[in-house]
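Shared between the two complexes below is chain A, which has chain B as its partner in the first and chain C in the second.
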Partner chain A sequence: MINKFFLINFLFFNTQAFANNITIKVMDSKQSKVEGVIVYLTPENNTLNHALTKHPLIIFQKNKKFTPYIAVLQKGQEINFKNQDDVTHHIYSASGENRFDFKIKAGEQNKSTVITTSGEVAMGCNIHDWMSGYVLAVDTPYFDQTNSQGLSIFKHIPPGSYKLTIWHPQLETQKNEFTKKVEIHNNYHFKVILPKPLLPIPAQQNQDEFDFLEGY
Partner chain B sequence: MIKFIVISFLLISSDIYSAEQSFKGLVDTRVVSVEYDTQSYLSGNYGKFNFDSDTPFTLAQLGLQYTMKWENNLSFHAVGNIYIDGRNNGIGLTEAFLSYRNLPNQNGWRIKSKIGVFYPKISFENIATAWSTPYTLTSSSLNNWVGEELRHSGFQLTLDKLGKFNKSQHNFSFDISLFQNNDTAGAMLSWHGWTLGNRQTLLNEKLVVQPFAARSTTLATQASYSDPFIELDNRWGTHLTTNWQYDNYLTISGGIYNNNADASIVKSGQYTWDTNFKHVGIKYNINQKIQLISQYMTGNTFMQSPYGDKVVENDFNSGFIMLRFQQNKHQYAIRVEEFEVKDFDSTVGDNNNEYGKGITLSYRYKLNKRSFIHSEFNWLNSSRPARWYLKQDVNLTEQQFQLAFRHYF
Partner chain C sequence: MAIPFMKSLQSRIFILFISLLLCVQMMSFFSTYQAKQKSETVQLNNKIETAKQVFETQFDNRNYYLSAFAETAAKDYGLKTVFSEDRKSFLLALNNHRKRISADLAIAIKPDGEISGQLITYMKNKQIKVKIGPEQGQQFSNLELFTQTQTAELYYLDSKIYQLSLAPLKSGSRVIGWIGFGYIINQDLANKLAKLTGVNVSFLLKDPDLPTSKKIINSNSINKITYESKFIHAINSGKNDNYIISHFKLGEIDKTSLTALLFQSKVSVLKKIHDDWQQFLIIFMLEIILSLFGAYLISASITRPIKQLIHQIKYIGLGKYDQDITINASQELTQLANEFNQMKDAVVAREQLIRHQAYHDSITNLPNRNYLVERLSKLQNKQQNFIILQLNIRRIKEINDTLGHQVGDKVIVEFSNRLKLFDCNDELFHLGADEFVLISQKQDIKKTISQLSISLDSLFNHENLNLHLQYSIGIAKYPEHNSENIADLLKKTDIALQYAKKHNRIYQIYDRQFDFNTLERLHLINSLKTAIEQSQLVLHYQPKVSLASMKISHVEALVRWEHPINGLIPPDSFISIAEQTGQMDALTRWVTKEAIRQYLAWQKRNINIKIAINISAENLKDKSYSDYVIALKNDNNIADNEITLEVTEDAVLSDPAKATEILTYLKSHGFKLSIDDYGTGYSSLAQLKQLPVQELKIDKSFVQHLMQNTDDQIIVRSTIELAHNMGLSVVAEGIEDERTLLWLKEHHCELAQGYFISRPIPAKLFQTWLKECTYTTAKEGK
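So, the complex of A and B:
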């Protein structure tokens, strides 16, 4: 009896300790779901050992656009750029500590850079000024981007206090983010309503569509 | 200037292996039919189109662009053009310059510069490979003059403000150019007036001057050709331009040009012309399919005799409005334009007055990414009293039809 009790208790506790599944739904003030925003959870007690996400984040240059336009990675993770266009791009980031620039030739697939500081990485191309892309580097392994239903699902989150952050370059708030303190002790379903609607995402399109333009 | 560019290029070429070289180009072959125009302005006559009426199958442009880009944001550009139309054939360079393009800083400010021989930033039409216009087979009268008589030999400094760094949709650009070798700018605009076409003057070319009456009297010193890219007074001209772009559908630009020539000089049959003008342009994407492009220019040019009296003095202005409709592989364009030269001097035998208006209808079909079939009809009516010197009607209505195959490589 006692053994059985312990076993059940252990399983229950174990579920609680290591298998909290958190669903976060991001909506705007009109109750419409918001797709593509970055959602991440930062433990308040930062002694947790953050395992590094090892696979690189892949950003394509296709039709003279950054694809995806917005992405998230963990500080220390690598971005791998793949140029699928038949022209050279000169990719740069002018953002604080995460400055970089390099040329990537037509079809080149393996230009990489490691993002060592958390924060926004605003990327552009110094040849095609309309190209624009964002990567957010976060100092936590618990990050995601909302799907078409406005949902982000996190599995196996250890219990504790967290700062939930919603980030998008077109979110017109301070630092483009919206934060909330959350306590995680069980499976939870949070609903977040953004304080402001997102601004329109830039089209990454030149005013003239012709393929053989020069800098005249 | 070219010598300087070549030396600089050779010096930098020691680092040649870390550079990326590229060749780009454009082949433009056409069948041309011109009516009511016995001879083109390029042949020393008063026809407004660059092809003569008996022009057969022509290589309207073979443009070649060589670019070498180094890792330090420095690049070298040379643009050459070949024209074979049976009468005004030519081969040579149209531009050669070193260019520096810094990375923008965190607030979106960027510095760019050019040194060498390059086009002034005026045209909203001539934006593709080797200064070709993708919209039509002819440049408007305004930009055809830019291609004929204007080129900056000097230095250009540009300051850009890219709005996206502050999540703004406003982009700004400011340019200042200091140039030489444009002391005769305005001569051909005075003596043959505004023209329509696709012929750019090569840096090694000279332009035939029309045989008006004063050429044998007051202006007998003028050579039978004009050298458009010559330095006579060793003074620097200035060109200031600014550009505002809103999002990706509206661009407005403006500029002030002053070649700052000392108009009292005549050397080897070439007069210095003091030429000033202002220009404005708008490019507006009304929706995904329809684009409006319009430019206007107004200015003044004069030259003097060695005794200081104004021999030729003209005001000039030209403007066009173009509407483009693009759907899948099809592009339709209609351009209307109007131009004028007002003669203020009292020199006998050199009447530069002119008034004209034109309409262009153009259709482009995209065969594949690089190749296009392009057809165009131009109608141009102009009144120019100087035609009387050649016993021609003062009023002339010209029509031109062209069918082109264009391939960008």
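So, the complex of A and C:
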């Protein structure tokens, strides 16, 4: 279906570098680089032993926003929520298997959350409706988020068949993702053109004028 | 009856007032009615408009309420947390929310569209119960419509219509599902809205392409009328004028649309107007009755003075001028009355003038004939004796013609003045022109006339011209000459006057003898024609003696009228009538025919007598009579000179040339021609000489007293001699004694005719007379 409707180009760069260093550039249909999308490679033959990323993913609550808005982690990795605001937040995730909720007071942090199931974690704050953040839990250690140049660079990827997945909550595709099988044997540079542009990321901003709070 | 009624002024004013009032009433009535109707309609429209606004507000409020609540509920963390947990917990939480706003429908939908929870309410034992909806576990159709709009949309479930608003259930910004709440649109709602708005409310769920609705929900009618769906459709389409409607679309379900219909029957308005109308009508009728009464009073007050006026004018119309018209009324009518009074005075003055003019002559200012007639009537009543003198100024026409009418009038005035001075006891009247009448008590007529002559006979001097006032007087006496009608006296004086004038006398007293020529003439004129036709005329024959032989040789045929009533009428009386009325020709022809018939009859009996016929001027105007008598002569083979035609001098003198021509013509055909009544006319011998006549007939006035009058003897003798010298024979008529006969014979007169010989006698007697007379006839053998 996707192949049929959207043009996807894999461009092979002619390089003589050492094997299995992969560079993926994500662009939209207007040839603009797309920053901040999650890119990960899942081995087809899942016999590989995925090494667990040890360090926790830190998500700040600052200015009544989730920062970063979007993040990726490996299944089993823990998230460390750090409240840098001067108000209490009630962080929750109400969908899927990775449901949790807790209150976190001003200046405190919470390390209790471990994501055990791969998939999307849509987070919100029950106190501040506008706050919204996403964490994607993947079942692979090869994941990245495109930089300001729209690039994701993977090193030391063992050769083999992979499913390349590009994910973003504002990518208007099935499950907000875009997948492609790729064979990795050498160093490759991929250029991925998304079939659809990203929707604007909702501003995590209070739409009402709670100016009176500033005095507290 | 209707038309005289309409002609009365009072009725007209009355009707005018009533008509005007009726018009005003009707107009005010209808304008009120219309205004009422209009205002009611406007009110109704306003009501519908208000109802629409109320309805929309109510409906929008429900929408807002639903969407706001769904929004709020979706943010409820408890609900959010149980959404992904066990269904039972979630449904309880959902129902908990539903209850808060008494929603009729609560629904939860997974992002993939599967209805994870559906709760609907129903009534059981008058209690609201909740049950799982039939669509739970199924796909929610048309999710996009609901999720894209904030407001509530219509939702059709289990044959029920709901207003449903969905709100997203989010985890952060990730939509993890939808929850929604709905209110049912049912009759309760319709009733509630109807109660709020005061108009009928209907909901129609209808495919625009189909005539019938999928579903109709009606409020309980305000009028307790159950509306059929057909009826609702008619109202909705605006086909029923008896309703004011407002309809608007509430939304769509699939392809059908839900329309709200607000309507109010105009009947209720009209009923109100009808109720008011009866009240109006009563007021209207009251006003009409008052108007009638008022109009009657007004019309009566206007016409009352007019009626008074009419009454008084009628009185004056009868000729009673003694009273002035007085009315107490408006300025105009008072003025009219004054005008009438002035008119009346003018009429009186004019009437007096006319009366004066009617009874007085304009020239002399003397009482006239009308006055005289009245006066005579009065005198008659007094049983007094008096005489009437009718005076006529002679030759006034000549004065008018020669000196002018002004002088003529002066003469008349002078004459009247003299009469006025004559005797103040006598009454003087001026009948007009030159005729005057005096009524005098004096009985001595001769003395009166001689006294009058003294007064009148002096000369009248006009511009050094001395005029002698000549006059004639006709006199009648009362009671001597009175007949049934006093006015006849005037006729009698007139007849006497005419007689006096004719005979050149100064005066003449009336005599009955005079009347014949006047009064009975008229009857004769009319009956002469029938007399000729019916042979009332007869011929008498007067013999003529041939003096030389003393034989009866000729007769003169003389016409007589044996009138069936008046007896024998002498020819003098009717011949002049025949002449004046153009019947002379016919008369002469009759005489001629009869005379010739008699002549022939005698010839048959060997009585050889020549016959003489009188012809008139009429017969000499053309040849028609000549041809007639010539034809008679020829047809009967009568010898020449057997018939003598006698013609008077005057007849010839009127047109001598023509007469000469005709006479010559007659003579040439063997007629003997004789000049009749010779000596009375003015013909000269020179003229006579021209005429082709053979005989002269000396008028009897010269002969009758021949023996006593030597002058007549001279005239007769010289006439005979003269005639003989001119070759004419002579006939003498009017011989009344033997001496005259002998004298004439001695003087060689040829023929003699007169009473001495014989009166004119009828033909039958004539034969007898012939046998017995001393004369011989020309009959052979005697």
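To be clear about the criterion, the second predicted complex is superposed on the first by the 188 of 216 C-alpha atoms of A that agree within 3 Å, B and C clash if a C-alpha of one lies under 4 Å from a C-alpha of the other, contacts with A are read in each partner's own complex, and residues count from 1 in each chain.
We take it that a contact is a pair of C-beta atoms (placed from the backbone, for glycine too) under 8 Å apart; a residue touches a chain by one contact, two chains touch by 3 or more.
All figures in this text were calculated on a predicted structure; none of them were measured in a lab.
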**Q.** Partners on chain A (chain B, chain C) - clash or fit
**A.** clash
Q. First (chain B), second (chain C), both or neither: which does A:Ile70 touch?
A. neither
Q.
With both complexes superposed on chain A, which partner does A:Lys103 reach: first (chain B), second (chain C), both or neither?
A. first
**Q.** Which superposed partner A:Ile22 touches (first chain B, second chain C, both, neither)
**A.** neither
Q) Touching A:Tyr92 in the superposition: chain B (first), chain C (second), both, neither? A) both
Q) With the two structures laid over each other on chain A, which partner does A:Leu199 touch: chain B (first), chain C (second), both, or neither? A) first
(Q) So in the superposed three-chain picture, is A:Pro169 touching just chain B, just chain C, both, or none of them (first/second/both/neither)? (A) both
Q: For A:Ile157, decide between first (touching chain B), second (touching chain C), both and neither.
A: neither
Q) Which holds for A:Tyr134: it touches chain B only (first), chain C only (second), both, or neither? A) second
**Q.** Comparison of chain B and chain C by chain A residues contacted
**A.** B
Q: Go through the superposed model and pick first if A:Ile79 touches only chain B, second if only chain C, both, or neither.
A: neither
Q: After superposing on chain A, check 109-117, 127-135, 271-279 or 307-315 and name the one in chain B that bumps into chain C.
A: 109-117
Q: Kindly list the residues of chain A that each of chain B and chain C touches, one partner per complex.
A: 92, 94-96, 101, 122, 124, 126, 129, 132, 169, 202
Q.
Help me check something: in the complex, which residues belonging to chain A touch chain B?
A. 88, 92, 94-96, 101, 103, 105, 122, 124, 126, 129-130, 132, 169-170, 199, 202-203, 205-214, 216
**Q.** chain A contact footprint on chain C (complex, rising order)
**A.** 75, 77, 80-81, 83-84, 170-174, 176
Q | chain C-facing residues of chain A, complex | A | 66, 90, 92-96, 99, 101, 120, 122-126, 129, 131-134, 169, 202
Q.
Quick check on the complex: what are the chain B residues that touch chain A?
A. 20, 24, 26, 65, 69, 71, 73, 101, 103-106, 108, 119, 121, 123, 126-129, 131, 134, 162, 164-165, 167, 169, 171, 245, 247-251, 283, 285, 291, 326, 369-370, 408
